[in-house]
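Think of it as A, B, C and D in the order they're written, each chain with its own count starting at 1.
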Amino acid sequence: VKVAVIGAGSTYTPELVDGFARRQDVLPVDELVLHDIDPFRLERVGQLSERILIRSGFAGRLTRTLSLDEAVTGADAVLIQLRVGGQQARIVDETLPHGFGCLGQETTGPGGFAKALRTVPVVLSIADRVRELAGPDAWIVDFTNPVGIVTRSLLDAGHRAIGLCNVAIGFQRRFAEQFSVAPSDVSLDHVGLNHLTWIRGVTIGGADVLPELLSRFGEEIAERVGSPLGLMSTLGAIPSYYLRYYYARDEVLAEQLSGPSRAEEVLEIETALLEMYADPTLDVKPALLEQRGGAYYSEAAAQLVCSLVADTQDVQVVNCRNDGTIAGLSDDAVVEVPAVIGRGGARPVASAPLGAHERGLVQAVTAYEELAIEAARTGDMRAARLALLSHPLVGRWPLADDLLRALLDANRAHLSKFEQTGAW
Amino acid sequence: VKVAVIGAGSTYTPELVDGFARRQDVLPVDELVLHDIDPFRLERVGQLSERILIRSGFAGRLTRTLSLDEAVTGADAVLIQLRVGGQQARIVDETLPHGFGCLGQETTGPGGFAKALRTVPVVLSIADRVRELAGPDAWIVDFTNPVGIVTRSLLDAGHRAIGLCNVAIGFQRRFAEQFSVAPSDVSLDHVGLNHLTWIRGVTIGGADVLPELLSRFGEEIAERVGSPLGLMSTLGAIPSYYLRYYYARDEVLAEQLSGPSRAEEVLEIETALLEMYADPTLDVKPALLEQRGGAYYSEAAAQLVCSLVADTQDVQVVNCRNDGTIAGLSDDAVVEVPAVIGRGGARPVASAPLGAHERGLVQAVTAYEELAIEAARTGDMRAARLALLSHPLVGRWPLADDLLRALLDANRAHLSKFEQTGAW
Amino acid sequence: VKVAVIGAGSTYTPELVDGFARRQDVLPVDELVLHDIDPFRLERVGQLSERILIRSGFAGRLTRTLSLDEAVTGADAVLIQLRVGGQQARIVDETLPHGFGCLGQETTGPGGFAKALRTVPVVLSIADRVRELAGPDAWIVDFTNPVGIVTRSLLDAGHRAIGLCNVAIGFQRRFAEQFSVAPSDVSLDHVGLNHLTWIRGVTIGGADVLPELLSRFGEEIAERVGSPLGLMSTLGAIPSYYLRYYYARDEVLAEQLSGPSRAEEVLEIETALLEMYADPTLDVKPALLEQRGGAYYSEAAAQLVCSLVADTQDVQVVNCRNDGTIAGLSDDAVVEVPAVIGRGGARPVASAPLGAHERGLVQAVTAYEELAIEAARTGDMRAARLALLSHPLVGRWPLADDLLRALLDANRAHLSKFEQTGAW
Amino acid sequence: VKVAVIGAGSTYTPELVDGFARRQDVLPVDELVLHDIDPFRLERVGQLSERILIRSGFAGRLTRTLSLDEAVTGADAVLIQLRVGGQQARIVDETLPHGFGCLGQETTGPGGFAKALRTVPVVLSIADRVRELAGPDAWIVDFTNPVGIVTRSLLDAGHRAIGLCNVAIGFQRRFAEQFSVAPSDVSLDHVGLNHLTWIRGVTIGGADVLPELLSRFGEEIAERVGSPLGLMSTLGAIPSYYLRYYYARDEVLAEQLSGPSRAEEVLEIETALLEMYADPTLDVKPALLEQRGGAYYSEAAAQLVCSLVADTQDVQVVNCRNDGTIAGLSDDAVVEVPAVIGRGGARPVASAPLGAHERGLVQAVTAYEELAIEAARTGDMRAARLALLSHPLVGRWPLADDLLRALLDANRAHLSKFEQTGAW
């Protein structure tokens, strides 16, 4: 079994490799390949990863390479966790929209759109190499944001892909702690699109403990997802943290305008982390990594790859084709729902229909996503304008047009598709 | 043939009765009954209507009554054009939202929601009388806004209803003039929800003249619908004037804050009109009526009633059940599309699928409408909160909750359903 | 305006050209081209057609050609009414299945399947020439059976096609006579697939006269469609004559085994007709033509072409994409329903959902049709076997396989697609 | 935990109780209640059950009762395995159709229809008692045939029900033996309606071993399901044994006419079994039970109840609402597919779309089932006629009508609903 990690220079990677080490009995990985285009980060991150694996008694091999082809050749699973344009591009995603009265966020709104434009063509071209060098049976696991958009563009192009997010697993682990049960005893009725989900039920031992959760830990949950209890009781659900960018868009914008961008914070944390990683005595992940975000990503990713390769047929929350799961969306839409995972991929599990509110928002954002994918794939200016006009956080004209021009200008170095369609 | 007009004290009514007079050969109306709860308006409007009918040589009878039961007994068609709370309530719809940073409009946004809450129970109870006194075959034609919501609540309650709007017929007449053809030679690819429509094609003699229209009369059209040419060319369609409340919401709010409300203007025009109507020598509609809005409503209404009663099987744009016409909406949704009209009602005609942008917006607003209907019908506070939270022009929390409280307070006199659910 | 008729050697053609002559005021056809590959029939039929047109004062030109390219070049509409393999092949369709205990019919069952295999590739290749020589705006009107299958294969290949059948127009004319009204005053709630339809309602002046029809003319209708009154009252509808091949399959088979095949009868009638057509004094269609079948085809075809070219936007029953009209069928299915006809084609009109019985049969036959189209288009043996296995009149194994072999052998001369896939 | 078995006089029951005993660690059943209306059978079967449970060291209590109310009061799960009219009625189901040229079978065709008419009202009235006496959270597991029809009628009436069949588990066990793996290592792509299913894939360790199965064990499988290899390779799937009643209807009829009915065989086996059960030294199930049919039913039932009550969230093949799982069927249809089972019930897992052949047959039979349910629930004669007319094994008129009369007459003692609608 060979697993390749693309964008392995991420500071998350040490935790990820640890996840594979801890699952050796279920999935004996023979080779774990780390790939990045940044030699410095690859070395730093790779060296710490190596020390961690030694400490864990990992039986397989860890290799590092700057060559994508080398990395993916013969892989059973390829994890994609790259960031086109790095934290610098993210700063633009998070701040440029402010000038237009919009909040800045790297996975939704104008910033998320810019990230989609930058990312989709790069991931698609990596996927083409995977198909060629690892064969049609290799799985692509996408953790690169915006996960829903990237996953759908992979599936539309015929790739064997599943999208991964750490939101659901994070809730599952926290609820398990709160009820002192094993994480696998907690099942979530988590439904929607990536970063646009609601937890409508939390089942432990067959009983729905959501009401108890809200009454006992309501304040903590409200804090965590940034939504007040009144909203949660109206929804009858816990909205994802990312829904705050919709429900509390004005407050978020005000906060953003008065503080440093998240990208700047992350940049600082990452610099510190990479510094620490250089310490040859360090062989565990440093505490600071928890401030990096992406908690439990390593858990989620290692668990998903295990199930895909070892065919465990267990239920995990992933991003996959809708196929009738959410009524009111086309079968081709990519949704984030519980699915049975095995070697054949993810088969979503039926759930209760969405309420009208959730359905309407999910439909509106799916429309945006379709147009964003078309724009990213082709560089088509009309699709790009319509994408922004369709996004609930934009939805205005000439705002959509003005924003588009500014985003294209600021991201010019990463948007070769638009070069071809004469955007400039 | 008996036709009843409920809310006949409207200043439109003289034009409406004229429409029936002019169609006597197709639909020989025996009795035209005008009903209103306001004796003063009923008398003024009724007297002018009578003079107009005399002048037109109308062969039927015109009656006036303050009794709803008298009006609808034995009617073949009942036109509903009332306004719960009158222009005073409209002023609230148009101004209260300003305090919350939202635009004020009587058919969409918070104002439209308030109007829906006031109107649905009243129209439903009128419809119940119609069913009882005119039998299950009588048609209810709803021109009362919000037409989509009111029509769907009628259909959901099992009534035989069709919703009517003057937007499509207005465009058809104007385009016919511009191309010097008869209105019936112009067919529109007009699609969406009431007040949320796009004209995607204009066919004259089998050719789509939309491109020519936009190139020859683009400025005039842009002016008329309040959308710039750049937006129209991006959409590849002419958006309804009411889409301006979405696409240009910020500009609209700014305009509203700096000028008198439309309700105030209308109030003034109506006062002047009712004054004129008192003139016993007046037997044509006064020119001022054109500033009242609702142009061609009389045309549309008379034509629709003709087709329903005389079974003409022609194509008109109306509000009716979706029944598969717009993919991505449930069959039960009420849409505004071309339909074949006959005694059996409106059968919508298939059309090309909506583009992703239009589909997403239509789906989001349909979700709002479903929740608004539930709230209006039952007084359920949770549905009311979710309705506002789902509306693209609100969509925020605690804004939705705050707005709801203010709207309920301001409309308390007209919201008995909420009295029962303890909103206060 | 140029109209081409492919397969014009049919004995119907004189009636068809007469239809165009009678509609000169609505659709002034400049050129009517008759094409056939059989010079003898083309001459005989063409000469009578010419005499009829002279008598009618037809202002356009009538031409005859053996060249398909000449016929279709620059045409506005192309009518396809050919018969691959002629009446000889039809005899096989109607008799070969008897050896397997199945009824023989040229549009349904094993015989209809064989006809589909022979016809689809020929019509598709004609359509390709039309696209090339008449441009993408030319309409293809298919009257060649099996109309549903041929039309869908044309639409799947991207052609601008509409399928035509004379069943609905025949009922409309007869009912109009029975009620002494104009045909256009009768509208049918006719729904299903080609040759698998039910008339669920007959509206005259807005009232459904179906119950009256059944009580006054029940015996005549039962006779006409070959279904007893008890069945019609259970269905609440008049089934198409072709449904007899399902509902009364055993009786039909018994009748077929005891009499001459319909193909043999037609062959005899056609020989007599062609003899008559040679008479230079004949300038009206002979009475015998009525025994040929296909009554009102000329009416239906001329009316449809008029509406397509002159953009009349009237309602006619045609075969077109489902597009949500019949729930439970995919949008791509081809259905036979009322549609608004104009230059843009046929837009089906919404109607009440099918009852469970009708829906189940329509779904089963649609499944067969999809597989038959795939088999005809590609020569795929597995699709061919599954098509027969899916047909309600076959549905058994090894029967499906045995029948397939026999049908392929008997039609070998006309099945070049299967030559390529190694069926022999 | 209390589990009630309704119709416990079945000779299966000893095996069933053994299944619960063997699962004590997962599901500690406190009380197992056996109910039947036949005191003799209840005693015989109950006594053997008791001896088996003693031998197994079952910690719970086994009780027997002739009172339904006593049996279901406070139950967590109620298994329904009754047979209205007993084997006598089954003999009629299996032989009466012969007189009409149709095969006789107790779950499909005319016989299955008669069984549905007898069974649905009885099971619905039991379910009403369960709701009242065990509360709305109790699960009803239906093993009474026709399982699909009975389960849907339960769900339509708002009950918490799941339908169970032993076909899938039987295949899973056999394949596990053939590949020497544990049954839980075998997952089936089993899809369709109850007794109308196809196994499209058999996954072991992530690989589809269906091709290998067919090549190594093809003869055995062909024998088992009664379908030749040629048919299986055309289908690309293993059809359920019950599909033989469709694909090989003529052969089945011939066999039936030349041998004793299955009901007669079963009657004989059951008599012998009940004789054996009287032996006070017997405390294991006798070998003869295997000839009774229903192999692995006890496994399937005990496993399903465990998962429902102990919330195990594992995947089992059951009968539940479609909810988008099979495209082309309504969400309300009841399908037989893999589902995740937990306390909240069965959530079907998405799978690949059906091929056209399978889809068409499933749609046709679903139409029949809807009509059969309506007829059984209401005694409506028109629905009953249409049900038979819709069944692919009948589909003819007057056959449907004649069969209906004969079935009603023969089952008169068990069809009180039809008494009310004046069938006689």
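Note that in this section a contact is a pair of C-beta atoms (placed from the backbone, for glycine too) under 8 Å apart; a residue touches a chain by one contact, two chains touch by 3 or more.
Remember, it's a predicted structure, so these values are computed and weren't measured experimentally.
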So the chain most remote from chain C by C-alpha centre is A
Chain A-chain B separation of Cα centroids, rounded to whole Å: 45
Taking each chain's centre as its mean C-alpha position, how far apart are chain B and chain D in Å? 54
When you check chain D against every other chain, which residues touch at least two of them? none
On the basis of the stated criterion, which chains touch which? Give every pair. A-B, A-D, B-C, C-D
The chain B residues in contact with chain A across the complex are 227-228, 230-231, 234-235, 246-250, 328, 330, 355-357, 359-361, 363-368, 370-371, 382, 385-386, 389-390, 392, 395-399, 401
The answer for chain C against chain B in the complex is residues 187, 201, 203, 205-208, 309-311, 313, 315, 321, 323-325, 327, 331, 338-340, 342-344, 347-351
